[in-house]
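Below are two complexes that have chain A in common, paired first with chain B and then with chain C.
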Partner chain A sequence: MSGPRRRVGFAALCAGALALTACGGDAEGTGATAGDLPETLVVDKAFDLKTADPGRQFEVAGTIVGRALYETLVTFEDGDLSEVAPALATEWTVNDDATEYTFTLEEGVTFADGSPLDSDDVVFSINRVKNLKGNGSFLVEGITAEADGPGTVVLRSEQPNPQLLRILPRPSLGILNADAVRENGGTDAPDAAETDTAEEFLNSQSVGTGPYVLDQFSTSTETVLAANPDYRGEAPPFQRIVLRNVEGPTQAMNVQSGQSHIALDLASEQLAGLRGDPNLLIDEVASPNIWFTFANADPAVSEITSSPDFREAVRYGIDYDGLLEIAGDGAVRVPGIIPNVFFGALDQDQAPQRDVERAKAAVERLGGPVTVELEYPSDFSANGLSFGPVAERLQAGLAEVGVNLELKPGPIATTLETYRNGQEQMGLWLWAPDYPDPADYLAFGPGELVGKRAGWQAGAAPEIERVMAEVAGESDDERRAVLFEEFQQLMNEEGVMFPVFQPTAAVVASADIGAVPFHPAWTLDLTAIGR
Partner chain B sequence: MLLRFLSRRVVATVVLAFGVVLASFVLTNVVPGDPAAANLGQQALEDPEVVAAWRAANGLDQPLVVQFGNYLVNLVQGDLGVSQQSRRPVLTDLGEFGPASAELALVAVVVSLVVGIGCGTWAALRRDRPVDQLFRVLSLGGVSVPLFWLALIAVYVFSFQLGWFPSAGRLDPGEAPPPKVTGMYTVDALLAGDLATFGSALEHVILPALVLAAFTVGLLTRFVRSSVLEVLGNDYVRAAHAKGLPLSLIVRRHVMRGALIPIITVVGTAFASLLAGTVLVERIFSWPGIGSYAFRSATTLDLPAIMGVSLFVAFVYILVNLVVDVLYGFIDPRIRTA
Partner chain C sequence: MSAVTAPAAPVPARRLRIGPAWRRPLALVGVTVALGWVVLAAFAPWIAPADPLAQEAARFLPPSAEHLMGTDGLGRDVLSRVVHGARISIPLAFMLVALSLVFGAVVGAVSGYVGGKLDEVLMRVVDLFFAFPAIILSMAVVAALGPNLRNAVLAIVVVSWPVYARVTRSLVLSLRNSEFVASSRLLGISSIRALVREILPNVAGPVLVLATLELGNAVLLLSGLSFLGLGAVPPTPEWGAMVSEGARTFGFWWVGVFPGLAILSIVLAFNFLGDSLRDALDPRTARATRGTSA
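Right after this comes the complex of A and B.
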């Protein structure tokens, strides 16, 4: 890294009375040698980190950390979300209606402290997540976990749960050493939300089977992971991984100047300045996050936005291409509500196309140009993209067809409230997948989580709801894919949601550690770097 | 007399603290928005059990009056509550972030004092000459330029281009902090006799401190110049000149003493504002200080943290004003006996 040069400049400044030529440490302590991987990997990320307790974490930085410390029953390999691969479970069976999953655990697996893993640890970990009543509890809501001997775990649900195998790799469901957690105040009892006090312990040390262990934890400065010397798989390539809390603009300069190895939160214009740098490798793909706008279907909120003619005017009046220009070079249109990284996504040619005349005709049926409010969070950005410019471009495009948007930006803490209460006439929001299965997007249907926020109650679109009910009970992935496509086609015809784009997601890595791909489920898979 | 003065200040502090707590509590609660919505995920928010558990865990399931009463009772016992973001006691957070800001502020103020007083005095002694004009332009620039812009330029030039200073954090990546005594890494490293960590901490603090100092240097230069000019015109200074005393002695012994009162006021206020946190500079340098903590708390409606920061800032201003008042007495005996 750039230690020697730093020393020179620093010493020059300190020269004289302080004689600080001896005051410096050992550069960055990364111990990089030519041709080899550095001993310490430095990753810059703007922190949303809250905890290192898998049962309580749900944020991006927490997911990155959790993935390196804790293994799950099953996983995704090499960023491929289409197939679930073995992890702590070597094999599994699923009954016909996807209500019972039986997992066989790998034998001889030990936690970082040397104690063996068995089915009790798995049952404890899953029940604890459920009963903590935290952000990740919904992942295993309705699931009953039971041990069937020390090497077998059975997960049951009353309702079919065909998406469970794609939920289980989520690092929130990492498997903990149950005894260690219990000894430090942890519990998986039904009242765990009130009685579990293990978070402080889990913020001081990890109790997983992953390739790394927790060395230092901070939600404000940096979190440090150390190689797990007893990891049963291939030895971790880095002795230490430092995940630092650094804002986007500084990240770009750090990775370029060699002060860090990976930058994760760069905006499109920052990426443009890095392209062509021979010392950097940039993986730029479409993010699984989707940006969407909606028209509230509740006449009590707006007589205008609840009109089918208004929906048609918006659907065919949005300047999709113009919005893509803002979203960055790697951004793509999202043709339906499901992003392109999941099965069941529509092809690009199935996306609604802008049709100004059709949109204008719909506005005419409304009685001429209309004005409605568009609310969005003004203090929040994702993938380096703020809502303000997107809202303004949306406004410009729709104004051309006679739909005038009165922009109403606000702090996310307040706009989220009106959004949740279904009070926004139109809203501009994004959806980050909770787990990599298209079932997560049924939330946009009538009577579901996002649907209700758009005033779209159950019973509002019977045909769409029929498909939703059918796909929820279907366990065959091929049939599910067909049904999800049908769901989106119907949404594109009569829905109140208007998916706009998937923005650019990028990982910038220094060439000496090799290319680091963006992971569509975990953003960054620390365990895959350097292998 | 000093005791009476201090007693009055303590009473005023208690009254002020209550006012700050009340204002912070009321204002944070009248802001439209639900802390649960700002802290829980989209799916979790739809589960009434999860929302209820979160509210109960954070004491938000009680009526507002009860919440306020509980807060006051806990406050008297030194308990500022638990931050919803960091999930640690707010007092622990303040104990970590406060010294980080204090370290930055101290270095910035030391730089400001040395440069500001030097330049201001020099400019006054060379009134209307080129050096005075130069310092006028520079000091105007210092107080006018947006600090976040200056911070970005400083990172670009001194960290990215020249590679002289690190751009982020308080220590090199992965480097363990020194054993905590004051929470200021440079001081703690010295106390531990760890020169390597001291060097690392010092090179991390210099660039952000210099950026912060730009404003106070500019401010101080202008104040010192005008104060010194005012004193220079006094009879006792002219008498000192007439006696043939060397200029350096006149400045040290007669001019500076007379000019110090307004200077101390400015330095005190500037120091307090730096201690209270400078959000943008701290964020650009990834400096985990009070400013960064306040920003994160405000954007997530983290009520205990917001109130903790408000109290911290109020106490900083009270303390700094107290120190300034006491210093007045030492510098000018007329104030002490008044």
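Right after this comes the complex of A and C.
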């Protein structure tokens, strides 16, 4: 019994340190070699799958599928988000103010149908995503792609865009065979949102350069990928990959009985029942999702929550350790608004610590105990964690300092609306990164997307906004890291956001395919399994 | 079949025959369990070992001497929450039934006594409510009003009054033309007086039986709505909400099983009670059921 336990522990340890390459070696050492791999890989995932069209997908399941079918200009290797690696582009140059990126494409790359890839395909794919005006279009907003000969592509940005290299690996920006898509109703014209009709075609077959091709597509039952025999890299280790739509509790049974190889949506309670099973390898790490609560800064929404004293009471009254307990074994405290997998994240010791006396003093300044509403979605869970228990723990901790929360759970359809309209006095929500660059978290600043949802308008915190403006125009990563840290320190002093934790993200894999690490950007990297 | 020879005609309400308790063991069980819960509800703060809201213990502790029913996902004592849950479900069940009964009986009595067009209209409205499954209709009402305990109670009243209206109407209809009502009217008693003094006492028995049987239903509906997240707002220790948490954390059986047993026991108790009351107060239906079971 101790053998497998140790192995699981080691896998989790490796993953926790994000030393994922080191883990790969261990998995091979403990039995799984390429020769033992099954022909078909079965993956269970609760589907949020909507489409296999890269330009239209922005969901987790779509990202997992897209990553296996299509390649991007640049990529992340082995789950390491700190640096981008070459993919379809072998090299690139960036001008000084990060407004012009020049990519040199790899020569001799062919799509799964045998036709060669050139700069036209790249230009078409990127402009199409932008002009489809779908959920992923903001990734390349203000970006124009142009060909400079068949082997070179230039991306121009209206604003300095130092995060672009970390945006490009997102599978939404996979490169499609332009001719095939055009023949089937696709277009990258500015009116593509109305005129592009290629989605049905792209749901029937894939036109990418990735190691797998689309065999069968369903958003409700199962989606099947087949190996791409002409893939230019190392031959794909599985003949077929079956991605099945299965809910969490059933996933646990399937992976335990050997009916599936990978389970992705297990809650910590379900994981508890799987630990110690010698046939399973469990990778538990902190998810890049952050859970946060906020106090609305708009006096029209609440005179209480908009007071700086209230913010102070909440910031130092939250029982951070107690919340972490709810969030699962691999969960960590998020010290600033940026999760620990990205550069610019604060160190743990810079996180606000609970200080009951200080919080009580702030409540005194408010004139004694106060009662405000806390809204959260009651029918939604992520990483197997639902909002209800977290809200109840938050309530219990804050009650101790005199901040009484009246819980207002509701279906996500209605709570999301009040949240987006900036009408919640306090809210409990999560943020999943759009792309692995800290620039994504500027959305929490005053006058930005999430800031405005908390009633925090532009001009509310000039000091923070000065740093935000500075970092937006900075292209040097070292300097950016410093500025992002300053941004978060200021947010931790006077901001209206209270980042709480990053919950556990777990991947359970059967031992015969080896350890499968959680991927911080794509959840699961199908192309990395079995290698 | 032969033991009880009740006349088919209306029975004067006061001629009750409640036999010795040992002849009705189920009644005894029902009364005991229901009374037990009422006592628990009344003295919950003194009986429960801990504060039902205090998140003091470790999470998911299995049942032990210290926590007889274990602890839940937030480290709260399940036993204390189950005991305090009685303070919510039982009074609300009585309140729900009382509200539905009063409203339904008034509508039914008026409908049956007045008859004609008004009867038609009121009964079609009742049909409208019967057309939907109770839980679906109450979910719709709560969803429209916003999920909390008060709205859940309202929603359940909205879906449960038609039963009382139907039953009251049919009883009033059959009594309206009976001789003793006719003679009292001949003596010059007003319609309303006849309805209140002569008919209602005869209606009361069957309707009360129905109400007792509905008590169990009310508990079920209320916890059902809470189970779906449409009733009690956390952290209220409501049984349905607790079962819901138990369903999410399946590996820790004690989180959901004990509140589930609480619901089961009180619903059974109310049903036993209702059955026995029916035997005593409403011999017509009692005879029918006994006939089929014998």
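Worth pointing out:
In this text, the second predicted complex is superposed on the first by the 496 of 531 C-alpha atoms of A that agree within 3 Å, B and C clash if a C-alpha of one lies under 4 Å from a C-alpha of the other, contacts with A are read in each partner's own complex, and residues count from 1 in each chain.
The definition used in the following text is that a contact is a pair of C-beta atoms (placed from the backbone, for glycine too) under 8 Å apart; a residue touches a chain by one contact, two chains touch by 3 or more.
From a predicted model like this one, the values you see are computed outputs, not experimental measurements.
In the superposed model, more residues of chain A are touched by B than by the other of chain B and chain C. Judged by the touch definition given at the top, the superposed model places A:269 against chain C, while chain B stays out of reach. In the superposed model, A:119 makes contact with neither chain B nor chain C.
In the superposition on chain A, A:322 contacts chain C only, with no contact to chain B. By the touch criterion stated above, A:378 is placed in contact with chain C alone, chain B being left untouched. In the superposition on chain A, A:523 contacts neither chain B nor chain C. Of the two partner chains, chain B and chain C are each touched by A:249. In the superposed model, A:391 lies in contact with chain C only, and not with chain B. Of the two partner chains placed by superposition, only chain C is touched by A:407; chain B is not. Residues 249, 379, 411 of chain A contact both chain B in one complex and chain C in the other. Residues of chain A touching chain C in their complex: 249, 267, 269-270, 272-273, 322, 325-326, 378-379, 386, 388-389, 391-393, 395-396, 407-411. Chain B meets chain A in the complex at residues 31-35, 37-38, 40-47, 49-50, 53-54, 56-57, 85-87, 96-97, 152, 155-156, 158-160, 162-170, 172-176, 195-200, 202-203, 206, 283-286, 288, 292-293, 299-301.
Residue ranges on chain A touching chain B, taken from their complex, read 2, 5-6, 8-10, 12-14, 20, 22-30, 40, 42, 44, 50-51, 56, 58, 133-138, 141, 193-194, 199, 203, 216, 218-222, 224, 240, 242, 244-247, 249-250, 253-254, 256-257, 259-260, 379, 411-414, 416-418, 420, 431, 434, 443, 449-450. On the side of chain C, the complex with chain A involves touching residues 53-55, 59-60, 73-74, 143, 146-147, 229, 233-235, 245, 248-252.
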